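Structures are listed in the sections that come next.
What follows is a pair of complexes built around subunit A, which joins subunit B in one and subunit C in the other.
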Partner chain A sequence: MASAAIGKRKVQWAFLLPALIYLMLMAILPLIWTLTLSLTKWHANIMPKPQWVGLDNFKYFLFEDRRFWNALGFTSMYVGISVTGELILGLMLATLLSQKFRGKNFFRVVYLIPMACPPIAVAFLWRMMLHPDIGVINTILQTIGLSGVKWTTSAKVAPFTIIMVDIWEWTPFMFLALLAAFQALPMELYQAAAVDGANSFQMFVRITLPLIAPVIVTISLIRVIDAFKLFELVFGITGAGPGSATESLAFYVYVIGMKWFKLGRGSAVSWLFLIILLIFAIILISRFKQKRTT
Partner chain B sequence: MQRKLFFALVVMICVLVPAALFAGAPEKEEAVEGEVDLSVPITVLVTDPHIQVVDTWKPIWEAQMGGKIEVVLVPYATLEEKMWLEFRTKTGSFDIACVPVTWLGEVFGGGHVESIQNYMDKYGYPDWDDVMPAAKRITQWQGETMALPYDGDNHMTYYRKDALEVPEYQQRFKREYGYDYHIPPANWSEVRDLAEFFNEWDWDNDGEIEYGVAFIAQQNSQAMWSYMDICAQYTTIAGPPSNYTSNIFFDTETMEPLCKTPGWVEAMKMIQELTNYAPPGLLGYGYSELRQAFVSGNSAIAFDWGDIGIQEQKPVEYGSKVKGLLGYGPLPGAKKYYDRKTNRWIEKQHTVNFLNFGGWVWVIPKAAKHKDAAYHFGIYMTNPEHSLLDVCGIHGYTGANPWRWSHFKATEAWVRGGWGEESARNYLKAISDILQDPYAVPDLMIPGTPEYYTGAGSSLDVHLNAVLSKKISPEEGCRRIYDDWVRITKEKGFEQQKAFYRASMGVK
Partner chain C sequence: MVTEHGLGKRKPLGAGIIFIILILFTIWTLFPVVWAVITSFKEPGDSYKPTFIPYKQFTPTLHAWEDAFIATRDRTLLALRNSIIISTLSSLAALLLGAFAGYSLARYEFKKWKNKDIALWILSNRMFPPVAVMIPYFLIMQRLRLLDNVLGIIMVHVTMNLPLAVWLMLDFFADLPKDLEEAAMIDGCGHLKAFFYIALPIAAPGLVAVYVLSFIFSWNEFLFVIVLGFRKAMTLPVLIAGSLTVRGLDFWKVASLSIISIIPPVILAVILSRYLVRGLTMGAIKE
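== the complex of A and B ==
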């Protein structure tokens, strides 16, 4: 009996082992490696070996580096506005396209196109469209008598340009998930509400929203985590400028690590980045659990 | 026992099979002196537009030598990380690379590339005396030649003759501004006035609005050199390299950045003001956008490397509408400069030539697989006859500008490249005057240069762009750059940086 249990455990381990080895090699070891690196000074292009500096890199970012806080500020603002915008627009589109009308399927497909494009291609597409001299958008504005907008070269406008493009690209994701959620809603509740005299708005607020709330939390969480990694749009559209007006955390990590080859600092800022994301993820997941419990 | 034997066998197979796979075939024997196997494959790392040069010579080399040239083409924005990845990982992913000299403080200083001197001694070099001193200077590190020269880079002035040379406009300008301007403009104050004067009206009567001035202003591109064109004039005066002459970046005694000095601030104010008289999309102008816009006729004055001149000659390829309409000159000077010795402005018309960017060179990484063949391919592309065809326009826009004495003498080749004879002479004179200037200020070439100012996301790039977009004041921009530069110098090692800087300037 006992030997059968041991044999069973061995089989279980045999099945688990490849996944565990993969996880160790691909996730845990790099994390430990970057954590170790984050405690060193290593300008890899001129220093052959890292030099131990303890927590200096973390102190530098948290207390001395204005650019880190600027990048964090922009990234947070971008995540807040763009995910909210995508959610609202996605909800509106999903509500609209869950109704019955002719050509509904055509629009459902068309709205998915932006999400299917590679982000770097989206960035260059918009960069050309927003070009101040030859861009189609300014040309249209000027044709109808309006003045051109400095989409990418004004420090006030450029952050909202990035947000606008992100909303264009990722609203379809929200729309798709919410549409699926709408289609899974039980019709009986609506029929009962109609019998009780509820109007469309009341049905939406009292029935639809509470029922799709878990979906909203889940897709928002996914989008928040994804949006925090903003890189391609910044790289392709504004180059993080003007100045550092649209510099995201991910772009800053790239500059430190890949442009200046400061691997110690790059690892430290990556860890800070990871911690911020984890805090955010934990808060959202715990709220989601609370919601399910209640 | 049998089980142990089986286990040992399995372990041996597990170790030996991958070892055999990864070991690969034994390396071919190294070429002995004078006998190099040129039929080996050579991998070339190159960026646009220098690919044009490689593409031209690749098939001829392959046909002549029986070798194979593999080209790794990357955009300028990602060249740096591609190069550093190889230098750090030492995988031998390329044998020869075309890189800008502004990175060479770290490339040479970090010992990542072969000394070319050894190859020159071993195989010779095609007419070293033909290479101009400025082009030699940028290939050297601590007295040793580390790269193959390939490009002579400096900014120069381009102006529209059908604007600045029109008597009616000259009279109007004098009425409005009270003086006769020089052609080309002698100083940045004149540039500002001319840019204002020619801004936003149709001075060439083509039915379109033109603008005053254009230059590279895009972030993550090469805007910093547009600023340094101006900065050099207000910060120093030409002379034998010393702390107070032909020096624009650091105090050579204290290694304190000069970024907060009145000269830098004045230049920052000037470049910010010039954006008022430029095309609306100026802050989106990288080098490609600037060249395209200027040769399509949208501005009266522009500042660039020698490439606008090449594109000017090619109406079909580059849509040039200004063939024969451009004049050329050195960079404008200034009516004053800030003398740090006496801490006061000196009112004096003067010009400082600045070797912006310094140019592109070919380097052979330490881990290259076929170094000897790579050297031979390098000198094959850059020998006097071949390089002339690459710089004069016969091979189109290659990004390489003249750098050998012979390039400046062969006017007939330039005419074959599409130039008018007089245009070619004027263009070559403007460039050779700068390259021959013994007091021309060399660009910064010390470790950390990409972080100080030449790389994407560098301190100067970021804060300059904030000033150009009027997000911060020129004074604030200079203060931020100063703070960053102090920090970077401290991080890299104060004494080491000082020694590198003094050596790069030729200050004992």
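== the complex of A and C ==
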């Protein structure tokens, strides 16, 4: 019997260790390496080795670099508006589609297409459609008598262009998740409320919304964490322009590290980025912790 | 009379409005893809005109497709081949490591740290921004001489997909009743055999779901493929990005390449649609 217990211990660790070790080597160690690099100055195209500078890089980004705050500001605004828009649209659509009717599955399948496309392909397709001069969108607008919009050439409009494409791409996520959540709602509550004379608006506000609220929080957090990583849309649609009007944090890190080869600076700003995401990640993880009963 | 989810009795007029909204949203959703398909069949000179109906408004041509598969055939096929190799292999590796780890976390109790904590720690790896490890990965692959090599990208993609693979497989295995495995073990079957002959086959839908999800993420990935692979390890996303020249974009070229890159993940997502929500919400919502 003891050998069976030892056999069990061997199996359980043998099964778990490969994944753990892989993550240690390929995720944790590189993150630590980034942290050490962030305390150095290393312009890799002209310096053979990094030089220790302590917290200088962090001080630079937090107190001197306007471009960092510009990127953080744009990314935050984009996350806030996009996720809110996706949530509202998704909620609307899920409410509409939760009725039984024919062809429901057709819509469900069609609506997952934006999520499945490679984001860079999405970015380039929209870039072409939204070209201020020869893009099909402006041409259509002009045909019906409206003036074309400076989608990518106006510093005021460009951020909203990115937001619009993101909403196009990710509303289906909110929609499908909420639809699934709606399916799980117990019918009895609604039947009882109907017996008591509640109308559909009251039922939505008093029954549906409170029951759906935890789901809304969870999927919003998931979407916020993913949205902060904004890169492909900026790369493909505006190239962070005009100027730096649509420069996201991830894009800024990419430019510093891979275009300017300032590896020390790039590492520092990516750790600042990481810390920001960590806040949301901790909240999300603690929600998962409460849920799991295993 | 209560219809589904308490939204009240629907009069026929209400149903009509709902349908219109849905049609509008469908047009909004499909327009870019449809436009790309139409553009890919146009002459370069026509490609930016707002014409939609072939033969009536423009002459369809295979120019863009010929260019992709004949004129620039080598690059297109290379990118396609690399995308397939990277996605197939990295997803397989992530699935294997993930299935093993997920099973052990679902079935066995770990004494030193709680199962839940280990699993959550693994999941948290999914949440850091990829750019945070961009520089070390570049340096590591440079030292290992794996820059511009599909193996390097495969290693990185496995790291990307492994946390979710473990977490989802844990979720799937936890949902399976232990009875069959326990019965088999009473009959003398060892733990390993129970895993391979009983648990894995029953969890097959989960295995497929995790594999397909990882495949889609890997296929669509952009940051690491442009940082770590530029010519020999080029994938379809890199090829598309490379069509941005000083002159601007060739609409017809981007349209055809985009369609090629869109078709596989969309088909896979449709096949997977039953588990898609579960996968994307990390098991928070199950359909």
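Keep in mind that, in the parts below, the second predicted complex is superposed on the first by the 266 of 294 C-alpha atoms of A that agree within 3 Å, B and C clash if a C-alpha of one lies under 4 Å from a C-alpha of the other, contacts with A are read in each partner's own complex, and residues count from 1 in each chain.
In the analysis below, a residue touches a chain if its C-beta (ideal position, glycine included) is under 8 Å from a C-beta of that chain, and two chains touch if they have at least 3 such contacts.
Bear in mind that the values here come from a model prediction, so they are computed numbers and not experimental data.
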item: Touching partner for A:Leu146 - first (subunit B), second (subunit C), both, neither; value: neither
item: Subunit B versus subunit C as contact partner of A:Leu274, first or second or both or neither; value: second
item: First, second, both or neither for A:Met258, with subunit B first and subunit C second; value: both
item: First, second, both or neither for A:Met24, with subunit B first and subunit C second; value: neither
item: Touching partner for A:His131 - first (subunit B), second (subunit C), both, neither; value: both
item: Most subunit A residues touched (candidates subunit B, subunit C); value: C
item: Contacts of A:Ile207 with subunit B and subunit C, given as first, second, both or neither; value: second
item: First (subunit B), second (subunit C), both or neither touched by A:Ile88; value: neither
item: Shared contact residues on subunit A - subunit B and subunit C; value: 131, 134, 258
item: Complex interface listing, subunit B residues touching subunit A; value: 80-81, 84, 87-88, 106-107, 109-110, 112, 218-221, 279-284, 293, 447, 450-451, 455-458, 462-463, 465-472, 491-492
item: Contact footprint of subunit C on subunit A as seen in their complex; value: 7-8, 11-13, 15-16, 18-20, 22-23, 26-27, 29-31, 33-34, 37, 93, 95-101, 107-122, 124-129, 131, 134-136, 139-140, 143, 168, 172-173, 176-177, 180-183, 185, 187, 189-191, 193-194, 199-200, 203-204, 207-208, 215, 218-219, 222, 225, 228-229, 231-232, 235-236, 249-250, 253-254, 257-258, 263, 266-267, 270-271, 273-274, 277-278, 280-281, 284-285, 288-289, 291-292, 294
item: Subunit A residues touching subunit B - in the complex, by the definition given at the top; value: 41, 43-46, 67, 131-134, 148, 150, 152-155, 238-245, 247, 251-252, 255, 258-261
item: Subunit A partner contacts - residues on subunit C that touch it in the complex; value: 1-10, 15, 18, 21-22, 25-26, 28-30, 32-33, 35-36, 39, 48-50, 97-98, 100-101, 103-108, 110, 115-116, 118-120, 122-125, 127-140, 155-156, 158-159, 162-163, 166, 174, 190-192, 195, 216, 219-220, 222-223, 227, 236-237, 240-241, 243-244, 249, 251, 254-255, 257-258, 261-262, 265-266, 268-270, 273, 276-277, 280-282, 284-287
